[in-house]
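Consider the two complexes below, in which chain A is the common component and chain B and chain C are the respective partners.
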Partner chain A sequence: MAMWHVAHLVQRRRETATACTLVLAVDDWPGHVPGQHVDVRLTAPDGYQAERSYSISSAPDGNTVELTVQRVPDGEVSPYLIDVFSVGDPVEIRGPVGGWFVWRPTEPAPVLLVAGGSGIAPLMAMVRARRATGSGVPFRLIYSVRTDRDVYFADELRHRAADDQGLEISYVYTRQAPDGWPGQPHRIGPEDIRERGWPPEREPQCFVCGPTGLVEAVADSLVAVGHDAQRVKTERFGPTGG
Partner chain B sequence: MTDQYIDGNMLAGPLREIFAVDLSAASEQCATCGSTRPFAALRVYSHAPGLVARCPDCEEVVLRLVRTPTSGWLDLRGAVFLRVPLPALAPPVL
Partner chain C sequence: MGIVSPGFQGRPRSSQPALPPGQYLTEDFPVLSAGPTPRVSLDTWEFAVTSEGGVEHRWSWAEMLALPQETPTVDIHCVTRWSKLGTNWRGVSLDVLLGGVETAAKFALVHSYGGYSTNLPLADLLGGQAWIVHEFEGGGLPAEHGGPARLLVPHLYFWKSAKWVRGIELLSTDEPGFWETAGYHDYGDPWREQRYQGD
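Take a look at the complex of A and B:
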């Protein structure tokens, strides 16, 4: 069916020790809305196929699509994409798909983004699209990581926090906080949401993405703090990786 | 350990093989408990044979989708309706 496209790897960028960004060139790519994902299909020589979903981490940009993949150590697809899949190799992708977990630059409401680990991927597409379209919509990003070595897009986020007016970024460390960070390592909870998010009266759109456990906890916190569940959109990536 | 599930969002790709529209932007009403929600908010269990989507309120099965090499088998008995956003109808030409 026409929704499957053949994509070729043109570049690979390392994000952390366990994750990298794959830059794919896709013929006839119809474009995407920030927050959408694709399904990646691998076919073995014997015909066996495996399919997994990956969010698009790049802003819409011609025929290029970027996916940011975290290695699940005993996984079937992610170690292949990170270790074996090489520049020039083809892969099949279906999409873009998903019309719900998306941010459209024409929407005026302030935005709260909450990411855990690789859950930053679709939220990064939103942050990048905000800049690319010159949107002045205020954004707050709360990013939960184990340590500061686990931050994806670390350099870019540092620059954007300084240069993109109206974008505020804060981090929550679950294992080890860097020197000078106020507070102890902890899992993100209602306090973080209250202090670093928007007050419910601002009626922000909230996008929460990451491992299922984090998404549940954050979505519950948002509602507990007073946000309307209708404005809380979630994308669960699967089991919590520990 | 709690059950492992992901969002209805992930059904968008598999269902596009069957339907012409993006069902992740649609809403459904659960046949068991009557609650209505975005399709994307269903809980999808992807390690059963095929995909099983359950209602987050009553946990009953709303949809099952099994893909075989030559067909797609979609069981929607757990849903009363699907409401799909469509482009505005053009005004009648007088």
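Take a look at the complex of A and C:
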């Protein structure tokens, strides 16, 4: 059963101009599986409460939980978490929640991760858990971003691409590609999935996370390329609907 | 009351009687699902009710459209906290579809194309509370919102309104569906905030 816990902010890391990672200490954290999320509850002095869901971006690690939050302009909760919430402040979180969009390091199938923007958060938990458990399962990550300034965890991903054997990372830029990147900026499509993902015969587990438009397009591409829909798991948390 | 978050004021609020606790209004129509959107052809589409004794009642697309249609206008509430008020649908009441089915079952397990499932008490599908709908706001139901047809049970959280509905299995004992197995509530009443098991 998902329970409420009191968490305290111990550190804040800036990811991009519009996003940061909150490192929370949770006294009685029961642990989590990469891909799960928490519900965050804020309470105003007059008793008013607001709750939102955030994926856990850290690998399971004792009493620490990291959330990576993108600012939604005019949002109620995300600007508070990024601008106002300070080291030492308490916040209530409930979880971990979700038992579907998860990767267990004991599963042997190769993994394809496809992220758009802040959708990298739960996928990063998987990349980190792979390293932390010494898993040799081959991983491919395709990460769609507007420009290279919009890459979350940029330094860490650079290191992991070099150090973590069996982890391949490729980027798709939608607005502006950095010098030397082959091709024109574009939205991720079946070609990217075919060239940078796994062939369907390898029967990979596929995890797709990001705004609805990206998730729809990528999930459709995966099925079109021949992947079994049962092995394609999606999570959407963009503000726009279809 | 919970632990006060220093500096958190929240949005200026007006009282919203139509909004269950913890929900906010949205004008667009967010999409949430666990995998790729199934594309189901109308030629092969079929809806079946199976009683606890194994007796099947089936409807093709043409047979479904030939049944009496209703046009419910309802509020919908997603467990991820968005609500949408006054949505317009068109479809067949479950009272019509279950009317000729002989059953003493208490529970229903709803099945979808693509493998999704969700459970609810049979009583919640009857009495003018539930429909199989195939139109939204005057047009065909788009695939990402569950087309060609979805279940609509507006008084429960929207994950109970299974998209791409294919059939209903009547059961004597309750059996959790897809999200319920993953920790979500068996019943899912938005007014009592029954989000997760144990709420």
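Convention: the second predicted complex is superposed on the first by the 237 of 242 C-alpha atoms of A that agree within 3 Å, B and C clash if a C-alpha of one lies under 4 Å from a C-alpha of the other, contacts with A are read in each partner's own complex, and residues count from 1 in each chain.
Heads up, the rule we're going with is that a contact is a pair of C-beta atoms (placed from the backbone, for glycine too) under 8 Å apart; a residue touches a chain by one contact, two chains touch by 3 or more.
The model shown is predicted, which means the values in this text are computed figures rather than measured ones.
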Partner chain(s) touched by A:G99 [first = chain B, second = chain C, both, neither]: both
Contacts of A:S53 with chain B and chain C, given as first, second, both or neither: both
Touch count on chain A, higher of chain B and chain C: C
Partner chain(s) touched by A:V87 [first = chain B, second = chain C, both, neither]: neither
Touching partner for A:H37 - first (chain B), second (chain C), both, neither: first
Which of chain B and chain C A:R236 touches, first, second, both or neither: both
Partner chain in contact with A:E76 - chain B first, chain C second, else both or neither: second
Which of chain B and chain C A:V10 touches, first, second, both or neither: neither
Contacts of A:L222 with chain B and chain C, given as first, second, both or neither: second
Contact residues common to both interfaces of chain A (with chain B and with chain C): 1, 51, 53, 94, 97-101, 212, 233-234, 236
Sites on chain C touched by chain A in the complex: 1-11, 13, 22, 24, 26, 28-38, 80-81, 114-115, 142, 144-145, 178-179, 181-183, 196-198
Chain B partner contacts - residues on chain A that touch it in the complex: 1, 3, 37-39, 51, 53, 94-95, 97-101, 212-213, 233-239
Chain A-touching residues of chain B, taken from the complex the two chains share: 2, 4-7, 9-10, 12-14, 16-17, 22, 24-25, 38-41
Partner chain C, residues of chain A touching it in the complex: 1-2, 4, 6, 41-45, 47-53, 76, 80, 84-86, 89-92, 94, 97-101, 212, 216, 219-220, 222-223, 229-230, 232-234, 236, 240-242
